[in-house]
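Across the two complexes that follow, chain A remains constant while its partner is chain B and subsequently chain C.
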Partner chain A sequence: MIPWLAQAPAAPALNMWNAPAGTPEIWMKVGIAMLAGFGLLAALIAAPTRLRRPISGAFIFLAGLFWVLVFLFPKPIDSQTPHEQRPRGFVQDVSFWLADAIPVVSNFSNILTAFILGLGVFSLVRIHLMRVAKKQNDWPFSVVLLVSMVAMATFGYWDWKTRLDLGGAKVDEAWPLAAYGKDLLFDGMLQVMEAAMFSLIAFFILSAAYRAFRIRSVEATILLCAALIAMLNLMGAVVVTWDGMIESFGKDNAFVMNFTLSSVAGFIRDNLQTPGIRAIDFGIGLGALAMGLRLWLSLERVGGN
Partner chain B sequence: MANEKTIWEKLQAIDRRVLYTLLMVIATVSLFFKVNVPTKPGQPTKDLYRLLVDDEALPEGSTVILQSDWTQSTRGESAGQMEALLRILMRRNIKFALLSVADPQAPLVARNVIRAINLERKAKNQREYQVWEDYVNLGYFPNAEGTSNAIAANFKTAVAGRKETPPGSATPLDVFQSPVLSKVSKVEDVPVYINVTGSKTSNILIERLGGRVPFAALVTGVMGPETLNYYQSGQVKGVAIGLNGVAEMESLMEKGLVETGKPEVKSFAGETNYGRGMAYYLALHTCLVLMIVAVVVGNVAMVAARKKK
Partner chain C sequence: MDGVYYEKGWLGVVFTLMVAGFILLNIYRARKTSGKLFIRRIPGLNAIDDSIGRATEMGKPVLMVPGIGTLNAISVQALQIFAYVTKTAAKFANPIRLCCLDPAVYTVAQEIIRDVYQTEGVPENYDPDSVRFISDRQFAFAAGVSGIILRERTAAAFLMGEFFAESLILAETLNSIGAIQVACSTEITQTPFFVAACDYVLIGDEFYAASAYLSRQPVLVGSLVGQDWSKLAIAATILLGALVNSADGLKRVPDEANEGQTRALKADEKMITDLFSPKKPEWKPAGGTQ
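Our next item is the complex of A and B:
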């Protein structure tokens, strides 16, 4: 089988795509990969418009084919079986090759995703720099964004480097400027603002529940009752009090015990809510499968095509 | 005054600013009271507690993989879950390998919680958890699906190249040389895989780990119903859902677990068990009461207004 996706079986777990950190070999490989990437991008840009779609379609098909094979092909019993002890035969060879290649291909997708993050940063910086340069509407907000971004990246990297050089414990004891800056910006500002933003949802939920939960129809009444029981069941004090009251009526009476709040809420959860969500998930799964097939086989229609 | 609204009509259309103010005041005031509200833990939380504390399910001193996929946006629920989980793991000397796939901020947020629990232990003259010896940080992996596939296929190669600096050393070493991961090469080598998440990464993991390892999840209230699907099918061995789940976990830590036909699971009585879960639990109660009252008032006013007409 083709060896260039397989991981070396023994430590250090290296393959033709990686090398020990900090060695000239890894820098050479990074350089070659960058050149190849830019070359491929240039070729794609230079290619006639009608050829771009088949080229990208071929890449998508190959990338998808790997995971389809991983999912459908028989799996090896233990993918970490040493090479010399592995059973021989076409099916076994393919299944071991696929299992060996998964971490490598996953690393490819991790790197691609990291590039997407980088692309997002690039796009954000470009748009806001242009807005500042042209003094467009609300440009001071763009300045705040850019300054925040640079400050966070600077202090984050500085703190990371200090911790790497001194060790985390020493940094926590000495608390240098890098740690102080990172702590102020990340923990003191960003994290708190993020939590505050998310907590706003509570206000909208309350307002929406007050306006929407009205018993205007039978269905709405059923929904309201179920929601009320679910909400009451989230309140430990109510559950303990109600269930205790029911238990005092007849702890040994199975029929009476059906009326404990936890039993009623459990019945709704196990027999109505969860199966309902399962059905929705099943529908979403089928839809995702259909959409995935269309994307994989390049059957999606492009606008104007 | 034909256009003047009746009291019932007014109660049907309470200004949202009034509701917002009420919620803000009630939530804030509730946080000032330290009350141990009683709880009645549900079966998913009981199963999670049994999985984490029972020595047969998770032997003392063993290693677990802890995937932390939450940030401050779900702090109200996830931070309490993480704290309760870490308290249990540290008290049982369970080593853990920490990784994140959901958000680049997640590893740093998790490290902050570890530091907070370590400070709590230091204040009680208990042993602090040391990086390298007791836990390693594998960092952030930007592709949840791909990383989960790789972990399921071959854990060792999936996280190959990740390094951590042992205390007292200046040179970072491969994490698989650490006491935490020295005996782990595949995901089946750990007794439990734990995911604390504010998103659907638990679903992604369950779909890809496919029963290779007992899986436990601590999820937000929003993700709870979806995760219960996998709990019902047995693919998740235990779940703590939302703030209610945290309060239940803390209550079990304080009181232990006694279930008919099953061995008793010990408590951690005398330790700091009630934390963020119980601190916020009263606020959850009062806010839910406000919501129920608001809904009831709206409906009563609607029915009364209709009758009057």
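Our next item is the complex of A and C:
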């Protein structure tokens, strides 16, 4: 099979897309890839407008075709099987080739995402620099954002470089300024602030539940009842008291025992909630499939068209 | 294949191809009839125009958040709906804010929104800062969007896409300033939060129906009808499966453990399991070392 996309069979697992780190070969490949990428981009920009759509459509189709084949083609046996012991034949070869190519193809999208992140950061910096320059409303917050961004990037890179040069264990022992700064900014501030945001949800749940459970309609009443049963079923003392009371009416009576809190909650969960969720899941899955199909075949027109 | 490969569950593959066939067939049908196929009313989508109208009257921006997922079918669907929202907002010269967590979604969103303004003939009204990359961290994003909501007092908000724990933070912050909210999450766990906190909620595949409902493009309408056909096929399969499974449940086979006795079929011996569950066959390489 074509070896240029899949990993090479023997160790070191290298193919035409990679090479040992730090070697002239890898730098040469990076250079060629950059040139080829910019060349393709320039060609696409220079192409007549009416041709751009079919060209991008062809790329989308090829990229999608790979994943469609991964899904539809028979899956190979354990990929750890030594190469010389793998079965032979067209179907087998394609199957192994597809499985081996997955990490390489996935890396393409990772690299694209890394490039696009730069655009996101550019947008953020531009908006906030403009706000500071024009002294718009709440511009001091923008200063905080820009300073935080620069500080985090600086200490993050410094710490990474220090760990690379000295080794992680030595850095942890010596705890230089780079490690201290990064730890303070990341663990000491960012993580804590994120946890604070997350904890706000507890209060929001309360206010949202209050509004949702107010009895305004039949639906709201049903929601309230179901939620109440589900909540009470999680309270041990309530479950013991209620179920004990039901059992006192007749432990051997199967009909009466249907009214224990756990039975009622279980009935709601198994017969109402789970089928509902399954049905919604089917709908979402079908919608995603249809959307994917339209995108793959370039039938989708997003935007002002 | 002689047991060399995992059994992929051929029925699942056939079913997927059948669904794809339904969708493509109905796209073809809809193109022939110029999209004149019936779609039922979805109240949440009717509220879109009202919400934008209210924002215009108040002179406040319309907020759109395409969730916190990466660039995938869900984000693209959300952007498709936001293209319609922007189109309506552009007609009234209403400001918009589209906040993104994923840089890839941000880049695509920027192109789509610019395209909408150009198509509407008002490219000068397009503000590049209206589409913003906030942060790629979940709660930093939630804090950033909440800040925009509170500072700019957005009058209408559309939360559509993949939302997780930040859904309630955004919905409640919007509620606190009295904004109209139309929301939808493809994450089942977040839908109840939106139901509790938002004015209008699209549930499940209504999210995917939205663009067809709003734009009436033949491709989208046909695709939606194809999805409905597929749902009918799934319902029929479930019914058939229940019947077959019940029939299997009545079957008795000789019990290996107790001679002369019979037993009911085990779960993995039933026809349904055999049809849908992939099996790993026993296989040894020619050398016999495996």
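Everything that follows uses one rule, which is that the second predicted complex is superposed on the first by the 237 of 305 C-alpha atoms of A that agree within 3 Å, B and C clash if a C-alpha of one lies under 4 Å from a C-alpha of the other, contacts with A are read in each partner's own complex, and residues count from 1 in each chain.
Convention: a contact is a pair of C-beta atoms (placed from the backbone, for glycine too) under 8 Å apart; a residue touches a chain by one contact, two chains touch by 3 or more.
The structure displayed is predicted, hence computed values, not measured ones.
When both complexes are superposed on chain A, chain B and chain C sit side by side without a clash. When the two complexes are overlaid on their common chain A, residue A:Thr49 makes contact with neither chain B nor chain C. By the touch criterion defined above, A:Ser248 reaches neither chain B nor chain C.
Of the two partner chains placed around the shared chain by superposition, chain B and chain C are both touched by A:Thr113.
Once the two complexes are overlaid on the shared chain, A:Asn137 sits against chain C while remaining clear of chain B.
In the superposition on chain A, contact is made by A:Pro103 with chain B only, not with chain C. Contact with both chain B and chain C is seen for A:Ile277 once the two complexes are overlaid on the shared chain.
Contact with neither chain B nor chain C is seen for A:Ser217 once the two complexes are overlaid on the shared chain.
In the overlay built on the shared chain, the residue A:Phe186 is in contact with chain B alone; chain C does not reach it. Between chain B and chain C in the chain A overlay, the least Cα distance found is 5 Å.
Once both structures are placed on chain A, chain A residues 112-113, 117, 190, 194, 197-198, 205, 207, 209, 211, 277, 281 are touched by chain B and, in the other complex, by chain C. Chain C makes touch with chain A in their complex at residues 1, 4-6, 8, 13, 16, 19-20, 23-24, 27, 70, 73-74, 76-77, 79-80, 83, 87, 100, 103-104, 106-107, 110-112, 115-120, 129, 131-140, 142-143, 147, 151, 165, 168-169, 171-172, 175, 186, 188, 191, 193, 195-197, 203-205, 207-209, 217, 219-220, 223-224, 226-227, 230-231, 234, 283, 285-287, 289-290. Chain A contributes residues 7, 11-13, 18, 21, 67, 70, 79-80, 99-100, 102-107, 109-110, 112-114, 117, 164-165, 167-169, 172, 186-187, 190-192, 194-195, 197-199, 202-203, 205-207, 209-211, 213-215, 224, 228, 231-232, 234-240, 243, 262, 266, 269-270, 273-274, 277-278, 281 to its touches with chain B in the complex. The touching residues of chain B, counted against chain A in their complex, run 14, 16, 19-20, 23-24, 27, 37-40, 42, 71-76, 104-105, 108-109, 112, 115, 131, 141-143, 145-147, 149-150, 153-154, 156-158, 160-161, 163, 165, 167-168, 170, 172, 174, 176, 185-186, 221, 225-226, 228-229, 232, 242, 244, 247-248, 251, 281, 284-285, 287-292, 294-295, 297-299, 302-303. Per the touch definition, chain A reaches chain C in the complex via residues 71-72, 74-77, 81, 85-87, 91-92, 95, 112-113, 116-121, 123-124, 126-127, 130, 137-138, 141, 190, 193-194, 197-198, 200-201, 204-205, 207-209, 211-212, 277, 279-284, 286-295, 299-305.
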